[in-house]
Each structure stands twice: as structure tokens, then as C-alpha cells.
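Note that subunit A is present in both complexes that follow, paired respectively with subunit B and with subunit C.
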Partner chain A sequence: MADVTADIEDTKNGLSSTRVAQILLVAAVLLAAARPVLPEFMIRVPEAWIPPFAQWLDYFFNVIVIEKLKIAVLTRWFAEGPLEFMLNTMANLLEGKRRWPFLGPVPWTAVAAVAAVVGYYLGGWRMAALAGGTFIWTALIGQWKIAMQTMSVLSVAAPLAFFTGLLLGITAWKWELVNRIIKPVLSVLQTLPFFTYLLPAVIFFKVGPTAGAVATIVYAIPPMILMTTLGLKKVSPEVVEAGKMAGCTRWQMLTRVYLPAARTEILVGVNQVIMLCLAMVVLTAFIGMPGLGAKLLAMMGSFKLGRSFEIGVTIVLLAVMLDRLSKAWVVKLPEHHEKGTPWWKEHVVLLTAIGAFVVFLALAQFVQVFDHIGRKQDFSRGKEIDTAIKGFLAIDTVQAFTGWWRWFLNVWILIPFRNGLLWIPTPAFILGIVAFSCWLGGKRPAIYAALFFSLVALSGWWDRSVITLYAVISAVILSMFIGLPLGILASRNERWSRRILLACDTAQTFPSFIYLIPAIMLFGVNDVAVIFSIVIFTTVPLTRYTIEGLRTVPPEMTEAADMSGATKRQKLLTVQLPLALPTMAVGFNQAIMFAFFMVIIAAFIGTQDLGQELQRTLAGTDLGKNFVLGICVSLMALSFDLTILSWAERRKRALGLA
Partner chain B sequence: MKLKLTLSAAAIALATGTAVHAADSDDPIVIPIHNWSSQIVMSHVVGQIFESMGNNVEFVTTDSQAVYESVRLGDVALELEVWEGAFGASFRAALEKGGLHDAGDHDAVTREDWWYPMWTKDACPGLPDWEALNDCAAVFATPETGDKGRYLDGPVDWLKHGAERAEALGLNFTVINAGSAAALWAEIGAAEADKKPVLVFNWTPNFAEAVWPGEFVNFPKWEDGCDKDPAKGPNPDALYDCGNPATGYLKKAAWDGMGDKWPTAYKVLQAISFTNPQIAEMAKFVDVDEMEPEEAAEAWLEANEAVWKPWVEAAM
Partner chain C sequence: MSDRETVISCRNAWKLFGDNPKKFFASMSGSESFDDIRRAGYIAGVRDVSVDVGRGEMLVIMGLSGSGKSTLVRCFSRLHDITTGTITVEGDDIGAMSERELIALRRSKMGMVFQSFGLLPHRTVLDNIAFPLEMRGQDRHDRRKRAMEVIELVGLSGREDYFPRELSGGQQQRVGIARSLAIEPDIWFLDEPFSALDPLIRREMQDEFLRLQQMLSKTIVFITHDFDEALRLADRIAIMKDGAIEQCDTPDQIVLNPATPYVRKFTEDIEKSRVVHAGVLSRPLNGAAPEGEPVQASATIQQLARQLVNDAREDLPVADADGALVGVLNRQQALDVLLGDA
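Let's turn to the complex of A and B:
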């Protein structure tokens, strides 16, 4: 199907991309078949040909950036001055760190009460229960202090990411040149493995909450920029005209016309910022971020599954709460009061919040549990959950089941597949990827794929890159077997769709580290455990976008199919799935991106890929090598990203959906 | 508790009457904590000792390899557990770059080697002698390793040379690298249920000893140069044909500027030296008794005044 549209577009400039893809594929196969007679340099790029990228980068960082330009002095000033001041202030208020203004910590009851009032304002009683309940859970389970350590950093990082993102977004919208520069940088940032952020963050911003905050900001900023630019571009000309007629200055045009008109997109950006910030809670613990993440790593280091699990639940609750609240904010339109409404009525929510805050602040002075939940007063059930998890894993049928899968997948699928990929000569491998990219996405993405993969080959980390790719491909294919049927089944019924989508949200925000231990306990330290932990993550977008794709198929189409007497099966295969495919492709793309993200984390199980080398560079001396490895991951991810998105775009146009 | 400590420290200062040193800076002494219990509790123990002397202390969580870069830059003031085996390389690399120095050894010795939980012995009674390993290789086999035994080594960056040793001693074993300490525990934890024999990398002092009793495999005794000179050890043609040294160091490292900025605290740091049983006790408070690290440190300090008071007295 893809080739029909491809042909329409490409025939005018010579060979169709399908034909090019075929030629490339044949060349790849021939080259691979000729492996026994190929000279050594055609099988792998010889060591001698590999440019010393790592040394160049090291030189660039150590000599130019740090010594000549003194960038580190500037960034360190920022980290130790304004940033640290903000972090300390929040840390004092929320967890009682001994810094100015020496007021905190605010009692947990007061925080929970204010959260509940805000929840009520944004989304009624349900939101109030969710917001208040999350904080009550956190306090009762005995994680208040560490949760507030996390929140104190996030409450600085998220607004900074928001403002910087907004500013960059506006600049990119105003000046096309900036837009052109920023776009590729953002694409790389979004695909760069987190290990690559950590080291520069430590060197330029000092280990501790400062580095944690900066790494979080860098990770969370891209969607904010993109959504801002998108929103501003979509502002309708009528609105702009109206603003001009009212005689707005340029500043007024921006703040009174453009930004309010782009409110929805900007708020979606805010939502994304919050979610990405929470996704970094555990990873930044490696560079000094205090709180839930650090505690989680400590708990996992001493094999306390139950307590780790409880921390995971807290993170999910915080994420779901902030997600729902910010989404409610997107939907909620600004309120306008009639003239003459009394002052207190206009600000009734604010007043209630302040009232609740003061009441609980006062109560906390007299009743200790309202102030903080002491040790031995909490309801943590770590030991019991430990026993339950271990008990489950010890069941004979579970062991037999996982034992069989471990044997089957390893011996019959994964190991042969991996060895097969490693056997293919580098040029044939690149040609194969380019052929795939050309067939699916067209010539442009194919050119990028060729360029990117050649760079990977020249980086000197080819074998490890192939092993990384092997884990990604295996995991995405396996999760298709789970995610697609699940999505198709769930989409048939509103209730099930909602349940499965909630499960998706939970699986996505649950800290990925927690999956690693059960994965090992089920399958042992080997590729099956690695792929299992990736599959949990990649199944989410596949399921989610399958549901969304199928549910947004125009009803006229399905009715037409019903009238022409199609069976359920025919309707699904010939009408619904093809129409849902472009949306599903977005899910597919996200699954690949998630897989690239997770495969690096899986280095903590034990892999032989780029992630393992990246982990090695954490010792802090190999900034150059760290970057080369990170870029390899990024380049491979980008090749797929460009290909699939280009395909989805073309399909949409062909189906008249765009 | 904190108040009491401050008072007792003040009392010491008064009693000895030697408060004429240059005063320590008011800036907080930043102590790094990592993700294993003994190090966390020990950091809090030392932190509370410093606080009892009137210093400000702050803790920051960091990666245990990346921390040496931070000590070097002065972002954190010290590091209390430098393991010869696991962190020696990172420590030496930072030492060469300059900015940090060796602040003395603990009494405690560390040992890192091939290890098995006790139940493994039922399946392979010849242990702990290494020569028994080949006879029981099949007991340790997994689907991926075929008829070879499987040994789960530490993460690659710990540079344990497990594969080289298996080769040098002609062991019929495949060596797999775990990705983290947590991965090692998960493997033992999974084997515990039906007492499956496993052979993994482990070390002491460590919380795992309390949870899963076990033993190290007795390899040919370490000789100096076993990693550089093939002639050393039983195999004349290979390196790494010995067990690891059974008495590796456990060091403290300090930022070069620490002595000038907090002279008294620095003297205490130099005097500090914990023993294996003390470290194990600290870990036990958290791992077995489920205390929070701060409480565990308080409890330990209360029970061991005789140990730490002299360090403070000598420095004041």
C-alpha cells in the first residue's frame, strides 16, 4: 500500500523509491552472501580508519569549552548562585533544610489540604480526592520527607523548563533561522541516552540537586519548545487582525493576543514538562538528586523489593495526579466574573486554600501526627510485599513457565538472531537499513539513514551498536504481539479502553528501574530479562495508539463497511486497521524510541551493548567517549524516527486525514 | 540526641581546654552517600560526629564511581569507603588528575571473590575448594551456557577479570557480567526459592552475609604480581590464575582543600578507622532491623562512644 503513494510522489523524479529500495536490498543481500570472499575491510571498518572522535571531543571540552572559553566558570556561577538559592529556598519550605528562609518544613496536612482545594477547583471532587489522597498516601507510607526532597527540586526545575522552553519557542517562531537550528538539536536531545546528560551536568553544574535540576530541565524542555512554536503558528489570522486593529504594541500582541490564543498548546507543553520531569526522578539520583530516586536506588541495592515497590507507587501517584491536574487545567477555560461580584467571591478558591493552609498549620503545632508522621507510625508494608513477591516467584508453575521461555527465546530466537546480525558485513547492514528506510519513508529519510549509520560505523562501536539495535528490534517485535491484540480488543468497548489506558499510564510512569529486579528474578541475567524489561515499556505506546487509532476511525467508514455486509473480521482488516495505521505508526515510532531509552537502562541487568560502555564512562573521566556512544544511540534512533514519521505523514495525506 | 552530642562535645572541649585551633569554616561539609547501606550509615555516623563538634554537614547522593570527580573538584569534601577492588581504578585516576588525596585506611579489610550461598554446597560438596568446580560445572549450567557452568561476575567496570581466571585455571565455566549489584542480589534471591545452586561475585563486608549465609571459593592464594607476571600462580603461562587478595584496603579519600577549610574535622577524618564487625553492625541496623540510616547512625554512636570519642578528643 505504501508503494502506491510512494510511486505517485516519486515517479516524477526518476526512479520510484520502491524501486531504489529493491535495488539497495538486492545489493545488500549480494554483499552479505559474498561475505566469505570479502576482504577484511569490507566486513568491518578497520581500526586504523576510525577517526579519533573521542579525543577530538575531549579536546573540545577540556581545552576549548573549559579552559579557553571558561564556560564552566559561568555555569558554576549560575549553579552555585541563583539556582542553588532557589533550590535551597524550596528545600527549606518543603523538607526543612537549614537554609533561608528558615520557615519549613510545611506540615504535610497543610500541603495535602491545599492540593485538595486546587484539585477541586480544577476538576471537582474526583480531582480533589486524587490530589489530597496522593499526599496523604505519601505521608502515611512514611515517604514524606524524601518525596518533598524530590518535589523541592522539581518545583524549581519544572518552572525553569517552562519559562526557558516558552522563550525558546517564541524565538523559534519569530525567527525562522533559530527554528532551523533548534529543530535538529531538539531531535538529538530527545534521543540522546540519559547517561550522556549526566556527566556534563556534573562537570558544569556541580554534583547534587543542581546537576539533577539541570539534567531534568534539559530532558524536559524539547516538547515545551515544540508545543509553543506549534501553538503560535496556529493562531488564526482573524485573531491577529483583531489585535492589530485594537492598536496593540508588539509586546501587547505577544502577551495579550498570541500567547492566550495558543493557550491550549502551551498547556499541553506544560503537561509534557511535568511528566518528563517525573520520568527523571530516579535517573538523576545518579548525580546527586535527593529524594525518592536516591532512596529507591538504595533500597534496590539492598534487595528490598517491597520498599522499592512502595516508592514506585508514590512516583506513579504523583505523576498521575500532576498529569490529570494539568490536563484539567488545559480544558478549564478562564473564568470571568460579572462586574460587581464581591472581591471574596471572585477569589473564593484562593481564600479557601489559604484558610485550609492556616488551619492545618495551626493544628500541626499541637498535634504531632498533623505535622509529620514519625518513624514506626507509618504504614509501610515493605517486608510483607517482599514475602509476597518472593512467594509468587517461587511458585513451581511460574518457574517452569519462565524457565521454558528463557530456554526457548534464548536458544531458538535471540541468540541466533543476534549472531546473524553480527555476522552481516557492515556495508551490507547499512544498505539493508537504507533499503528499509527508502521503502517505508522515501528517499529523504533514506539519505539520512545512510549518513547516520555510516557515522555509527565510523565511530568504532559498530558491534555494540548492532547489539543495541538487536535488543531494540527484538523487543519491539515481541511487544507487537502483545500490544496490538490488546489494543484491538480494548478498543471495542469504552470501559475497557479506559481501563487499559490507565494501565498504560501506570506502566509508563512506574520507574523503569523497578522492573529490572523482577525481570532478573524471573529470567536470570541474560538477554531474555533485558528484552522483557524493554517490552514492558514498549508495549505501552503500541497499545495506546492502537486504541486511539481504532477509536478515531470516522464512523461513516465503519457504517459503510457494515452496510456492505462486511464481517467483523473483514471490517477490522480492510477498513479500521488501514485507517488507524498512521496513528498506530506514531505509537510504533514511540515504541522504538522507548526501546532505545530502556535498552540503555537495561545495562543495569547486564548487557554487552552501548549501554554497558556508557555505564563504564560514568566513572567521570571519559567525556569524549561518553558523547560518542550517546550520539551512536541517538543517530540510530533518529534514522528510525525520520523514516516512520515520514511514512505516517504520507499515509495520512494519501488517506485524506491530514 | 543531637543536643546531647553537642553538649558532650562542648564538655570535652572545656575539659581538655585546647580550643585554640583555627576554627572550622561554617560552610557545610558535604558528604556523599551511595546506594549501599553500610556506606550510607557510616556517612551519617561521621556526619553526626562532625555535627557534634559544631560543624554543619550536608549529604548528597551520588554515583559511587562518579564521586571521585566531585571530590576532586571540592563539590563534596570526602569519601568514606574507597574499596580497593571496586573503586581503586576511579580513585587512582582522580588521584593522578589531582585535587584529592588518600586520607588513610580503615582497619577493615575487604575481600571480593567468587562466592556461593550455603545451599549450593549440597549440590557440590567439594566446595569451597576451587578444584571441585569443574566436577560440578553441570550443576551450574543454564540454557544459554549449554553444558558449561555459569558464573555471574560483577559489572564490567569493576574489572574483576573473572573470564581470564576461568580460562587460566581451565574452568569449564562461562562468565557473564551482571550490570549492577542489584542484579547480583536478584539472581541469588531468585535461586533461594528452590535452593538452586548459584555462583556469583560477592564481597565482604556486605549486607548479603546476614541475609544469605555463604562462603567464598578458595582459589590458589593471591601472590603479588599474579595480575602482571604469568609465572606467578599455578598456571605458568597465564595471568589471573590466583584468587583475589583476601585483605584488600578500605580507604578514606579527602578533597585537598579540606584540611585548610575544616582543620578539626579533617583531623577527625584522618583518625577515623572502622573495623569489619563495626561496619557489618551499621549495615545490619538498616538491612535487618529496618531502621532509617539517620537512626541507625544515632544508635551506633550511642552504643560505641568508646570507639569514636577518642578520635574527637584527639583532634579538639
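Let's turn to the complex of A and C:
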């Protein structure tokens, strides 16, 4: 149906998009086949033709933005003034950095107690245990200080990202023009690799925590903007009219009607801001931000697996805790108190929190372990775990197993695939991608793909881009072999679907960095480990959306299949999968985006892709190059994004699901 | 209605929904039907409506679902900007008002009860009801006191700290009613305000609004699907179809002399004797009055049924509330109305 209607639409103005795709594909194949006789400039864009994008960008940044507009003066003022002040204050309170207000560090017991009370308020005893337990673990394992370094940046970055996002969201909702401008910028921002944020942050906002905080904030803003506009648009018109009839001014309208009524979406935005901030704060280790990420990076670099594992657990616990608590806040709606409830009963949670805080603060004055866990007092078993893991990996069968996979993947799949992609002449490659895009998404995405990939070819980083793409494609294909069967199996049974969905949701809250730990443990520091970590990372959305897609197939349709006597297999293949495909495509798309993200992060393991170069730029001041590299990644990712989402959209409409 | 000062005056108002209604309206010849307009991609929410509402009057708007009742009322309160035409409220053209004037008008004069309540989800019953008072700048203590009074009135005592989602549909509707009662506006728009209420409380609410209207001469525009309700309340009834007012007149006239086939059909199932008053059915005195005991002009034919059947006179005198004779009622004509052959 979809193809029919789409084709009819397309044939009105010439060839159908399927036909165009076929022609393009044939052209690509012919070009590739003719490689031996092609002139050099048809195989790769010659150096001489490559416009000096990097210099232009450098000029733009250094001369125009920094010298002429003096933007850096402003940003540095912000970084050294208010931002640093906030960071220092939090750093003093949480980790005891010697700065104003010279109060900290707050004893760990007090933090854990307050967290437990907040957890109880938001989600009962289970949340209390999770929140309190996370902090207790962190302290006892001896990571309190580094964890608090991370948390102090988070506690500054998240609110700033929240307010900026809220403000921009309101602006975009209020003025359609702003919305039009902001939308494409946001999609580029969301596909731009994180490393591209880091360097400008360093240049404009000083090295160290300030730059890290700024990069984190900028990265976390887009979802907040989107959720805010979404929430504001959803406020029921009669509620708005009720506000107008009550004679609200515009300001009253916004603050007393719109924003409170959009509470749910805004809080979902808060959840996303917190999670993104955590993930990014961990990654700012790459520009030397101290904290959990830096420690993890150092431990992994020196192959101390036990300690890496422990830090990984801490990060995961923090992520799960922050996620669950903020989600509990979303669903927690205000409830009334019965009439005549005494004052203290209405505020019992607040009072308990204050009480617990004061009690532990006092206790900590007298009992040292309540204040901080000393050097020799922690329960870290880093060495033992390290020995255990290394012992396990040294077992012959395990070694044979991982060794064989490493060999098999490398020799039979990865290297041939990579060399194959690199062998294809640039024009043929682009034509191939455009054909794919045209066939799947239609003409519009195809035009974008052509434009975007041509730009990549002209950037001068073609080979590295192809290697990046190779890692992404091979990882996503491999993860399909795991994610799809897993999703299909799980969706057969209500209980299992719920469990796997929960596992996926939890796994999605982990900062991406975490996924490198098992990869390095199993495969060491090499290409296979990179692919492996991307595979685990991308399997999660694939599984998740497969289950979701299959579960949301309308029951009357599966019942129709049952009534016509279809076997389970027939039902799956003829009814469920086709109907679930649009949703699965969203998961597929997310998997690709995740892969692009991860492949860049994994660069420090030692790849030859764009990520490697990007990471190198972090050491210098090469803004132009940094941007060119980042935009290459972004352009490739956007091409896929546009294509797949356009397909899913068309398909959904054709199936009457949208 | 000539004795009343006009409060809302609506002249040739159109409200078109669509991409560029103004431009489309300019291109119209004026003879397009509702369906012609729809084929062009526009919906005529309000179609060339002219109507006046006087002070102290209760105008009831009726019509099928989608006929434009709510839209018309939204135009009166300028929640919708009309496409063309003029609407004046107490002589001021509301289309020309600045935002500030409009806010002032709504704060000081207007109130509305919404069809689907329009309660603020994040506020308690009490805070919802006090909301318009808050906007008017009343201090916390006063508005709390006033809100508690109306909560009592609509029978929600004890629920003042509940949130809307903790209430039943009927209770939510009562919160909406209470919110507008709290400010006792001069001009009241009630969009199916009692649709979710049980018959008992509905009657109480009707009485309350009637009391307010008569005591404080409130101007009320009331939308309902319930003809009985309309009869209890209405000074005049406007019947709408496809955005246009088919007929706007007293209930008696609507059932006795329907202006269009549509109105006739709309009122077909109504027992006319319950609507028509003796005073309306009577002819002028023209000098000689029939003798005997007069009937009350304000009585409906149904109320007079027993007397009409038993009385042997051909013509009955009709008297107003003060006992002065005002007309002559033909018994046969009244019986026709009563028995349904009129």
C-alpha cells in the first residue's frame, strides 16, 4: 500500500523513487566495476580540490568571533564569574574543595540520609533503599570524593541546562520563526559528536571543570527544548480559555496556566537533562575533568579491571538512581491532605529530611566514619576482582573462545568489509548511499543524503569517514542478529517482555562510557573491542523497539490472523512483523545514532576513524579541524536519520497507525 | 426586548476556520452554503449571525452538535476573533479592544462556564475557584472566604483540597460553575453548564442562576441540549444550524410559528401546551371582554388543561398578574394546542 501510494504521488512528477533508486544503484555498480580504468580523481577527491573548510572555520572563529565580536570576553567572563562560582560552591559543599563558603564537605552519611528521605517521598521504601544504598555503596567502596566531583558538576550543569532549555523552549513555542530556526539546529546538535562540543568549550570557557560543565550543559539542552514545546503545545485549549476568561495577563498565562499544566512533559525533560548531564560529565574526562570518568579512564588505560569494574558499578548505580527518582517525580502528582491535618504532618517529609541531616551532621563531628571513610577503611576489592577477572580470562576455553571470535570477526568480517568499503570509488559510494536513501526514504531524504555525503567527500576526511561508517554499519548489523531475535522471543510472553523492557530501559540510562568496560575486559584494546562495545550499546534500542513494535500491534489484527488459522510463524511473518516495522525502524534509527556516538567515544581504544582525529584535536586549539570532523559525523548520521524516519513515517501513514 | 438596554450586540458576524479565512471570505460571493464552504477547505463555525442580548435577559442557544453554539459564545467573549462583522459589549466594539482593555473587560464583567470544564489540573478545587479572584487582585483571605461560600453553594464542602482529577465528572463541572459564581459577573456565558449533573442538583443550580439573573439582572447566554431546561430558563431561544441562527424568539413563538422547516422539525416532538402561555395565544380585547373568571396570562395551556376541558365558554378572558384584563383566549384554539392538532 505504502509503496503504491507513494509511487503514485511520485510518478505525478516524473519517475517513481524506486525507479530512481534502481537507476542510481546501477550507476554506482558500474562506476565501481570500472574502478581499474577510472582516472585518479574519480576514485578519491584530489587534495587540490578540497576547499580549506578548516581554515575558513578557523578564520571565522578566531578572527570574527573571538577578535572582532569579542564573544570570548563575554563567555570567559561567564566562565570565570558566575559559572565558576557555582561550581566552586558545589565543589566545596560536596567534596570539600577549599573555596567559599568553606563549609564542606558535607558528611556522606548526611547526604545518604537526605537522599533516602527524598527517595521515600518520591517512590516509597524501594526508592529510599535505592537512593540511600547508592550513596552508601559509593562511600564504602572508597569513591566518595571522585563521585562527589562528578555530582557537583552535575548539580550545577543540570539546573542551568534545565533553565536554558525551558527558556528556549518557551521562545520556540511562542514564536514560530524561532521554532523554524531552532529545529534544524537542534537536529544537527543532537548528532554532533560530543568531542565537537568539548573543544569550543575549552576555547571559549577556559580549561577544566568550567569547560566540561559548559559542554555538558549545551549537550543536555536540546531535549529540554523539545519537551518544553511539546508540553506547552499539549495544554488543553479549554484550560487556556479558562485562563483568558479569568483575565490573565500574558505573564500570568505563562506562569500560572501553561507551565503548571505542562508539568509532566517538563519533568520528563528534567529526567532527560539529568541523564544526559551525567553521561556527559563522565565523558568530560577527556578534557581533564576530574571525577568518576577520569578515574575510569585512568584505570582502563592501565588495564586495572577490578577498579574499573567498581567505578562502573558506581556510575551505573548513580545513573539508575537519578533516572528512577526523576521518573518517580514525573508520575508523582500532588495529593490533598485531609482537612484538619496538623501542620507538621503536612510537612513531615521535609522535617524528617532536615532532622536526618542535622543528626548525621552532629554524629559526624564525633565519629570519624560518619564523616568520611578513610583511606584504609574502604571495602574496595579492586585487586581481588582484578585477579578474578584476569584469571577468568586466562582460562584456556575462555581465551580460546574470545580469541576465536576476535580472529573470526577480524579476518572474515571486519577487515574484508572495511577494505571493501575503502576500495569503492568515492562517487560510486555516494551514489550507492543515495540510491539506498531514495529507495527507502524517498526523494527528499535522497537529495539530503547526496548533499551531505558530497560535503563529507569534500571535507578531506573521506577515508576516515568511511572507516567510521564501516564501524557503525558492521556493529548495527551484528547487533541486529542479537536484538531482533531477543525482541521477538521476549514479545511472545507478557512477563518476559516486561522484564526485557525494564532491562533495556535501565541499560539505556547507563552513560555510554560504561559499555567499554566489558568490551575491553573480553577483547583487550583493539578494533573488535570497539565494535563489541557498540554492539552491546546498540542492541538495547533494537531489542526495545522490536518488543514495543510487536506488542503494540492492534489485537484485532492478530486475532484476524488467528481466526484464519495462521501458525505462530505465519502470524509473525505476515501480520506482526510488517505492522511492527515502523516502530522497529525507530529503534533501528536510534541504534545507528547510538553507534555514531559510541564509535567516536571508543576512539581512545585506538581506531583509525574520525573519532581518533577528533580526540587529537582536543589537545590543541584546532577549532576548524575539530568542527569539520564533527560535522562529517553529523552529516552522515543525519542522512540516515532523515531516510529512516521518513520511511517509518510513510509506512505508518500507509498502515493507518499514525 | 425593546424595553431592555442592549448589552451584547452582534452584527453579521462570521467565524471561518481554515488557513486564511479573511482572504477566503473576501473571495466569497455570499451565497455559498455551509457545504460549499466546507468543500473549499473551511468550516463555517458562525455564519452571518446578528443577534442582540439585553440586560437581565437569558438567551438560550440550542442546536445539534457541531452547529456552532460554542463557537458563537467564544466569539462573544472574543476567545475567537471573528472573521468579519462586529460584536459590541455595552457599546464597545470588542474586536477593536487592546489586550489590556480586553483583560479589564473579562476581569470586571465576564464569566464563563466551559463545556468540558477547563479546570486547571495543578490547582485544588479551592484554588481553581479562587483563580479569577486571584487575577482580579483580591487578597488571599477574601478570596478564600468567597471561594468557600460558593463551594458550599454547589455542594462540594469538604472537597476543597481535592485536585480535579480526584473528582467525578459532575463534581468537576460544579467546580467550573463555582469558579464563575465566585465572581458573579454581569455577563455570563454558560456552555452546557449542567450537562453532567444529576437532576436534583441540576434543578438547584438552575434555580440559583434564575435567582441571580432576576435579583441582580445578570445577562446570560446559555447553551443547552435540554429543551426542558431551556423552557425553565429562557427569555428567548436561538436555534442554530450549520453556524447560522435559524430563529431567535420566545419559546412560545418558536413552537407556534417556526420560521423554517428546520425549526419545525427541531421542535416537532415538544408538547406545545407546555410551552405556550395563555397570554401569547390570546387575541386583543377589542372592547368587549367575555365574562366570568379570567385565566392567568402567565399560565401555560397545559396548566389550564382541566379548566379548558370543563369550561363551556367559547372565549375566556385573560388577566395579567395584577388582575387587569389583557386579552381573550379562544377555547377551541387552546384545546387544539393542548391536544396537538394546531
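To be clear about the criterion, the second predicted complex is superposed on the first by the 611 of 658 C-alpha atoms of A that agree within 3 Å, B and C clash if a C-alpha of one lies under 4 Å from a C-alpha of the other, contacts with A are read in each partner's own complex, and residues count from 1 in each chain.
As a working rule, contacts are C-beta pairs under 8 Å (C-beta built on N, C-alpha and C of every residue); 3 or more make two chains touch, one makes a residue touch a chain.
What you are looking at is a predicted structure, and each value in this text was computed from that prediction instead of being measured.
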| item | value |
| --- | --- |
| Subunit B versus subunit C as contact partner of A:Gly382, first or second or both or neither | first |
| Partner chain(s) touched by A:Glu335 [first = subunit B, second = subunit C, both, neither] | second |
| Touched partner set for A:Pro290, first subunit B, second subunit C, both or neither | first |
| First (subunit B), second (subunit C), both or neither touched by A:Glu241 | second |
| Touching partner for A:Gln252 - first (subunit B), second (subunit C), both, neither | second |
| Contacts of A:Val207 with subunit B and subunit C, given as first, second, both or neither | first |
| Which partner, subunit B or subunit C, touches more subunit A residues | B |
| Partner chain in contact with A:Arg263 - subunit B first, subunit C second, else both or neither | second |
| Partner chain(s) touched by A:Ile217 [first = subunit B, second = subunit C, both, neither] | neither |
| Subunit B versus subunit C as contact partner of A:Val411, first or second or both or neither | first |
| Overlapping contact positions on subunit A, where the subunit C interface meets the subunit B interface | none |
| Parts of subunit A lying in touch with subunit C, wherever the complex brings them together | 236, 238-239, 241-250, 252, 256-257, 260-261, 263, 333-339 |
| Residue ranges of subunit B touching subunit A (in the complex, touch as defined) | 30, 32-33, 35-37, 40, 56, 59-63, 65-70, 73, 75-76, 89-90, 93-94, 97, 142-144, 152, 155-157, 176-183, 185-187, 189-190, 192-194, 207-208, 211, 286-287, 290, 292, 295 |
| Complex contacts: residues of subunit C adjacent to subunit A | 74, 77, 79, 99, 103-104, 106-107, 110-112, 114-124, 131-132, 135-136, 158, 161-163, 165-166, 179 |
| For the subunit A and subunit B complex, residues of the former touching the latter | 98, 198-199, 202-203, 206-209, 285-290, 294, 297-298, 300-303, 375, 382-383, 390, 393-394, 399, 403, 406-407, 410-411, 415, 516-518, 520-522, 524-526, 602-607, 612, 615-616, 618-621 |
